[in-house]
């Protein structure tokens, strides 16, 4: 039971790191980024490449995570600066198909670069074993995943609440025209948010790599999990995706325990139930996002 | 009284936009609602037409309570409105704009096998001629001059066959000449069709020219109601409009 | 405002398509059949996206529901083909009405996400309800009446269903209800204050779109002699949106062109490379950034710049 609870949290916190990037991008740019799962996948693959070259060293693993984030930051910057930027004031359909096109491109590129086969990454040195938590022993890496979630959540929250950048980002969510009138470089804000969101996806992908198989197609499933998290939590809400991720983690692990293979159906029913009760998600704000 | 607004209040995150408003509009009259910017005129229109709900109070029309009705139901009982900022279907022609209004009025917007082409041509052209837009029928609404778009809005509102017309700044953005001809048109239509009119207007010449009665809204409160003369001489109104000058004397 | 000579061109187009089995090999017959099925699916989605302005990202749900319903009815319950088809459409419509009832409360991206969520619910049921749907492996071995069991006769059967769907959808789009949908797309507030119950109209559009998607799905099930859960997966909803966009959503016939373009491109590119998706992705980027009105937009652009297809009212 305790193990299951911990597993739920580990899964949930990993999902949170990925989903929070998605929600951040939506909150500011008003774009649903289907390529977020692709960013996640790139993160995992980049880490794999780095670790393959360096061997199973601590530096290789942690350095690889940094490299993964930097690569994604750069890719996201290119995408935002030269392509996505032209679509902000266009129809939602165009934005949606744009990000979907990225999914297709990245999906094939990954196959071209890394091949169609499955790869795996071992836990970083020092994290392979289990830690005695008093009640039970628990895998150290999973424990690290559980702790990473709140750390990221609180850091993001501090950045959003306490820094000048955070204030600008929060203002951009409310009224981009006003912000522009106040002399803020809104374009740069959007760029930065998209890059930050993609880096979070890359971080999430790299951190997830040791617990999953790194393979083509991992993007299509994770993106749906992210959508569930942000829909349940409320699109655009930081803490919404935090709690949404925990709920999905618990529903997945305990759903499997109780309902067996029907778990996946239960997860979707749960999501629909939340939306019937609160159409804008648990912490989402009621808003008319039609323009 | 055809329209009866009683003790209606509405606040937006602490700001009291309507403060215990009472407003009666008699059948057949042309009633102007005036007041400085931000006085709550548009909010009151939005409450009457059901776009937003009031926190307290009641709004009734021909003795029917409106507060629980959805906007489209309020249109059905006979209240049509225009908007302060032009609100048309910009990519559709003037003809099509009015046609949709006729379709809605005749409850045909759910009919999937009733061909729309050519429907209500005669009625639509009559209305367009009435508002002086016969030549603009096939122009996309978004390409019409501002004044014409306002006229189109009037035609669209009339197509709903209302008993009460709510016009929010019908002459906003018009030149003086346009304003005068437009206001005469509105008067002719309202009187000719036995409609009741409640309108907001910034141009006081227009207000005192055509309104049977005037209500003054200030900080969300009705501070005076009466015919033009009474309102013009009301000390409270003078203080609000003329400000310090009056209070010093 | 007059509908231009679209009717003649459409009939001519259908006539040309009917000639495919006469002049073409089996391969082209199959390709055209698939295009017809997906064209109908894309047309149904365009009711929502192009006409009503509601971006659904879960339209595959009704495609799959129709498909599963049809193959299960004809095979498991041995219901006659015509009745199965009718029931599949009905079941899809009922599902769409139920799901739509919840979804139309939301606007724009929230609506898109919620439809996506429901389609994934349908997908998850399709892969787990093994006794009925065949689960992960899909429902295989559907039986077909002899009359349509060879590729050419099936082709004409598909063409008949497609043409019927096309005409019905055309009638619906040019009806007073069609005008109401466009009004909502253009300006929801104004439509409301004309006395329209916007939610009900959106729900009706959603239901109709679901019904026709179900019809297309039923055809696919019969064509493949089986149904697979991938048909409900979100990428399938993405693919049909691509067809709508490629063809042009502000045109009635656009989605048909889009479906044809997508299939023909795929066939052509697959001859050169196995990485068809990357090519498609690049093409899509081009369309989105350069020609957002799709093929129909390009075509009408040649005829007349800024013609009335922009209004979406009466373009062919």
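Note that the chains take the letters A, B and C in the order they are written out, and that residue 1 is the start of every chain.
Rule of thumb we're sticking to: contacts are C-beta pairs under 8 Å (C-beta built on N, C-alpha and C of every residue); 3 or more make two chains touch, one makes a residue touch a chain.
Worth saying up front: this structure is predicted, and the values here are computed from it rather than measured.
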item: Centre-most chain, if every chain is reduced to its averaged C-alpha atoms; value: C
item: Chain at maximum distance from chain A, centres defined as averaged CA atoms; value: B
item: Distance between chain centroids, defined by C-alpha means - chain B, chain C (Å); value: 42
item: Centre-to-centre distance between chain C and chain A (centres being mean Cα positions), rounded to whole Å; value: 32
item: Inter-chain centre distance, chain A versus chain B - centres from mean C-alpha coordinates, in Å; value: 49
item: Residue numbers of chain A (touch at least two other chains); value: none
item: Junction residues of chain C - those touching two or more other chains; value: none
item: Residues on chain B engaged by chain C in the complex (per definition of touch); value: 49, 51, 70-72, 75-76, 80-81, 83, 87-93, 95-96, 99-101, 103-105, 108-117, 119, 138, 140, 156, 159-160
item: Residue ranges of chain C in contact with chain B within the complex; value: 1-3, 171-172, 174-180, 182-183, 186-187, 189-198, 200-201, 204, 208, 310-314
item: Of chain C, residues touching chain A in the complex; value: 49, 55, 57, 102, 105-110, 112-114, 116-118, 120-121, 124-125, 127-128, 188, 233-235, 238, 241-242, 244-245, 249, 275-278, 280-282, 284-285, 287-289, 292
item: Chain A to chain C touching residues, read off their complex; value: 26, 30, 32, 34, 83, 86-87, 90-94, 96-98, 100-105, 107-109, 111-112, 220, 224, 227-228, 230-231, 235, 261-262, 264-265, 267-269, 271-272, 275-276, 279-280, 288-291
